[in-house]
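Data block below; observations after.
Chain lettering (A, B, C and D) follows the sequence in which the chains are written, and residue indices restart at 1 in each chain.
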């Protein structure tokens, strides 16, 4: 075959060969990729995406729990970082080619997906009426609407982990199980002084840390009795003043700490506040060296934040009855108990905690029950939808300004208050616990 | 193929002039097919917003407290780091050419950081600089009490830590490009320069570096663009205390679920990278290719 | 034509047998030799110092990856393997999806290499050989892919691949990685093709190759260092790329997508184990490619 | 201007078994033009590079003028060099290329400009001064390299096969130009080539080298006419010198004849002492006379090949089993198979010991033992 006209040196034969190689490699690549979720992909499998249980050991533990719960159901459990996971679901729904059946995430993640990405599960909640979900949790699952959009499967809260070594500097007369914030401050000041100026208290202020939950769910309710309605009140100013004093006895390396269990188990700090699942590894090696105590009380009482994880069905996903089966399995009492035993997330259904819990989890469950009794519950933002993250950012910016950069407290709260008001009005979100109910959008007070 | 090909005596002028474009076509089509629409939709996103007019996103971007600090940090990192990196990479390339014993091993170790992803690199240097890290341990062995390198209170040691980590991570990129460029350079020119009285520095300035201009230009462009993308290492070391421009993109996109402002920041990054690339292309234009046309 | 000496010109009066030998020879001056040895010693010290700066961190992550949990929490840490344990690494490697994702990553890496070279090298050649209008414009166009943070393209990319129904496959990730790798491939191969003398290639064509044949038979073999350099970048880029892989895959994840997204949330010892596991394959790849990268020590000795 | 003295120079490249330069001692007088001639791989370029300082000797000494420069870096030896590959800087204009040496030594701009114009004029490069080397032909680039070398008043000028990359015609014209140029400058020059015509035409003296050693150093005529060894004779001249093997024996009448099987050639009387030892007779093709049968001392041969070469003819004949090349006049005709009688006059005979292949010191005045 002699090709007469040589097009610019690229003979047709070599173009053919190039096309052939690409043609061959493409299907080959598509076909022989390895499934990385331990389950056969394809029909009859529930693809469960998740922003929870991402650490490798936790992910495998959760896969075991699912397998034991219902061996007939094959589940692809794919944990990952929030942003790529949520983007994936958004893309699938937009392209109406949904491959993900279910999504396990925090209330915030589920709020970001929102009603137009999640199926209405009110009927499923009805079927599970007997499981005993708490009323507050069910309000949360409505995402500010009248229907439920996910089923609560795990809940948790935040406690204080205390290395018993720190008890030497506990102010006399203070009961570690019902501290006040002032006693905590005095305690930590004494600890720092006795430790050659090296703070013994730590907070998760890193990029992936949950410090903003401390401000929203603990400082504000305990000092002001509310959140949005008392955002820039006089009590709020005292709360931030307290926070500055507390920060002066907090380890500066906290600005790069995401999980308190790391510095605690390394002995860098002795006392730390964090999410129960992010403290559980601290006492793992030597449980009897540790104490888990509820968060302190402020002038307005012991504010605490209940964190809720739930599973939603992705809108337009196939095999929805198989997904419902998965959710039913997850809310079975024995599955809930294996979750608390292995993952330190507490049941959302009525289930008596067994006595043989691992020591660290046992410590945490006592602290949780003490926190709930007589505590002032507050919930993460309700009805803020996609603005939930920006709402949280207001508190993060306040912390950076007031605590790290010593900006004027009242002035920062006023400016940040305007941003918050804009966000709430845009989302038309009525007030939520701990603020009193409001008819229209919640007003920043 | 037995029959000898009878090629037309003179290929049409079009054939010869079109040659470069034909060679470029596959890459242009490939880029447009895959990234065309996504880039367009990203640009669109930057100018549409849930609330407010087209400039609302840009206003929000600038209003973010850390924005200007991240711009300053990114430029600081680029302006300070890249010159030092080039001096180091040229020195390393010249050392390799000296054929010291063990040079094969040296070159391997010097190109290893290229293989380390920036997440892993962040981890490595975190293990060194963190309060109970290896550096403080080493100091401890010598009786020096530990220093809080990464604490937000001492900004200078924080910048030094990020600077060293980025220097470690990204110098291999420049080194490998310079080395592969240096391969082709015959030694005659330098020998001639030496015979005619040029000292080491004169040889470097008048002969070696000018001859490595194509590689230097490529290394500069690629390194600068990647420098604007640097973010994971700084975040691993300092959390949000040393914010960088691309970090803002992640903050808006992943943190605040606002792809519109994220796209705006992304366009800023794109714009600045393009400006520097154009600058390099103009600055390092090759005068001796002035004969033009096909060589 | 017999070469006889030209009619013997009246030989210029050759200077009579040089009587220069009479003068005594100066002694051999060894000072420059000592200076040269000192310079070489200095160079060796500098090379060792640089090797320590570049090598020690990798040693440390290896040390951390194989230290026990207790050792990692201890202060001051030992800079030598004092309390080694491989259970962290073992649990990490046995956790679900790590080995399959490793295979996927290797597949993606090599496929990206092939695709980006097939598409990029000719373009690099064009930039090196031709000074055509729009040459700089083309290079800038290429660079847009690398200078725009990929994160903002994630949703449009994902939707596009979903519509093309090649979502959640090694092919999808390969295509995106190839686009990301294209700028480096084109620019680096161009910077080396420029150095291949055009005369050699024209000689190739005189002997009957087409321009493409000359490219394949003459230019490509000569510019192996450039091709090797660009393939190292491409493989390493694809190997370490996290975001596109995480967004475009679900069950067939690459190693970074499987591991790196969860690393920041895992406890400290897993982060080091994961980080180190990510580094080892690239170390091996660079070791393999290093020989092709430079023929410097084989430089022609006249 | 200075003389070059090389003493016992040895160079062994790492990893090589044989020495590139094996104990070479050589002198180049002040202002002399010495050519290093030899096949490729004989070590001539290595020797030049060691004089230039681009290679360090394993042993021995190099002295320029009254200064030992053995280990001195090239830039401190005050020499200039023309490279085989020209090594003209592609990124500098011709003007900057030529003035490079002066600029490096910090000469004032005005002197540089004035000297560059002088050199450019000398080598007819004036109109190319502002061009780039890539725009010049090979010959022009070579001229730039030469201009660059001569503009720097160096003590020594080194040239490494400067003409080998030029096409045949250009080489011829540039050779004459180069000879005139270097003659006018009068700089001590060391010139390396593998082309014997260049060596003979350019050199005041020629050093023929082989396997890292100097076989013979002498003026062009002696090297051509009085080769010190079979190698030198065979290397110079085209066709190379004929070598006929045999041995001499004394004649009853006191004369000496060189016996081949079936023939004998009269030989000088002084060879009597070499009777019955294997010798080799060297004779140039143009020095062999074609004689008729009866001439005294003529020997019979049969013609194998007849080559008309235009200005002469070349016969390849069989003399007692050995091939000999004979050059005859342009009009001479012969056919393969003819019988032809040759006679070799005594003054054209060169005698070599068969084992050592070195020239014998026959009492004819010109014979010189190799230094």
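The rule is simple: contacts are C-beta pairs under 8 Å (C-beta built on N, C-alpha and C of every residue); 3 or more make two chains touch, one makes a residue touch a chain.
Please read all numbers here as calculations on a predicted model, not as lab measurements.
J.: From chain B, what is the lowest number of touch steps before chain C is reached?
T.: The fewest touching-chain steps linking chain B to chain C number 1.
J.: Over the chains that touch one another, what is the least number of steps taking chain A to chain B?
T.: Between chain A and chain B, the shortest chain-hopping route counts 1.
J.: Given the contact rule stated at the top, which pair of chains has the most C-beta pairs in contact?
T.: So the pair of chains linked by the most contacts is B-C.
J.: Which chain is the middle one, judged by CA centres?
T.: If we average C-alpha coordinates per chain, C lands closest to the whole-structure average.
J.: Which chain is most remote from chain B in terms of Cα centres?
T.: Result for the farthest chain: D.
J.: For chain A and chain C, let me know how many angstrom lie between their CA-based centres, rounded off.
T.: 41
J.: From the C-alpha centre of chain C to that of chain D, how far is it in Å?
T.: 49
J.: On a C-alpha centroid basis, what's the spacing between chain B and chain D, in Å?
T.: Chain centres of chain B and chain D, defined by C-alpha means, are spaced 56 Å apart.
J.: When the centre of a chain is set as the mean of its C-alpha atoms, what distance in Å lies between chain A and chain D?
T.: 89
J.: Can you pull out the residues of chain D that are in contact with at least two other chains?
T.: Expected reply: 73.
J.: Which positions in chain C touch two or more other chains at once?
T.: In chain C, residues 73, 75, 118, 122, 151, 154-155, 210-211, 264 touch at least two other chains, as defined above.
J.: What are the residue numbers in chain B that touch two or more other chains?
T.: Chain B, residues with two or more chain partners: 7, 19, 23, 132, 250, 253-254.
J.: Could you please write down every pair of chains that are in touch?
T.: Touch list across chains, by label: A-B, A-C, B-C, B-D, C-D.
J.: Mind pulling up the chain A residues that touch chain B in the complex?
T.: Residues of chain A touching chain B: 1-10, 81-84, 86, 112, 205-207, 252-253, 255-256, 266, 268, 386, 388-390, 393, 397, 400-401, 404, 426.
J.: Which part of chain D faces chain C closely enough to touch in the complex?
T.: Against chain C, chain D makes touches at 3, 5, 7, 13, 27-32, 45, 49, 56, 61, 63, 66-73, 76, 196-197, 200-201, 204-205, 219-221, 224, 237-239, 285-286, 309-312, 314, 327.
J.: Report the residues of chain B in contact with chain D in the complex, numbered from low to high.
T.: Within the complex, chain B touches chain D at residues 186, 188-189, 191-199, 202, 206-207, 210-211, 213, 286-288, 290-291.
J.: What residues of chain B sit close enough to touch chain C in their complex?
T.: Contacts found on chain B: 7, 17, 19-21, 23-24, 26-28, 30-31, 34-35, 37-39, 41-42, 45, 88, 91-92, 95-121, 123-125, 127-128, 132-134, 136-138, 140-141, 146, 168, 172-173, 176-177, 179-185, 187, 214-215, 217-218, 221-222, 225-226, 228-229, 246, 249-250, 253-254, 259, 262-263, 266-267, 269-270, 273-274, 277-278, 281, 289, 292-295.
J.: If you look only at chain C, which of its residues touch chain D in the complex?
T.: 1-6, 8, 11-12, 14-15, 18, 20-21, 23, 25-33, 36, 301-302
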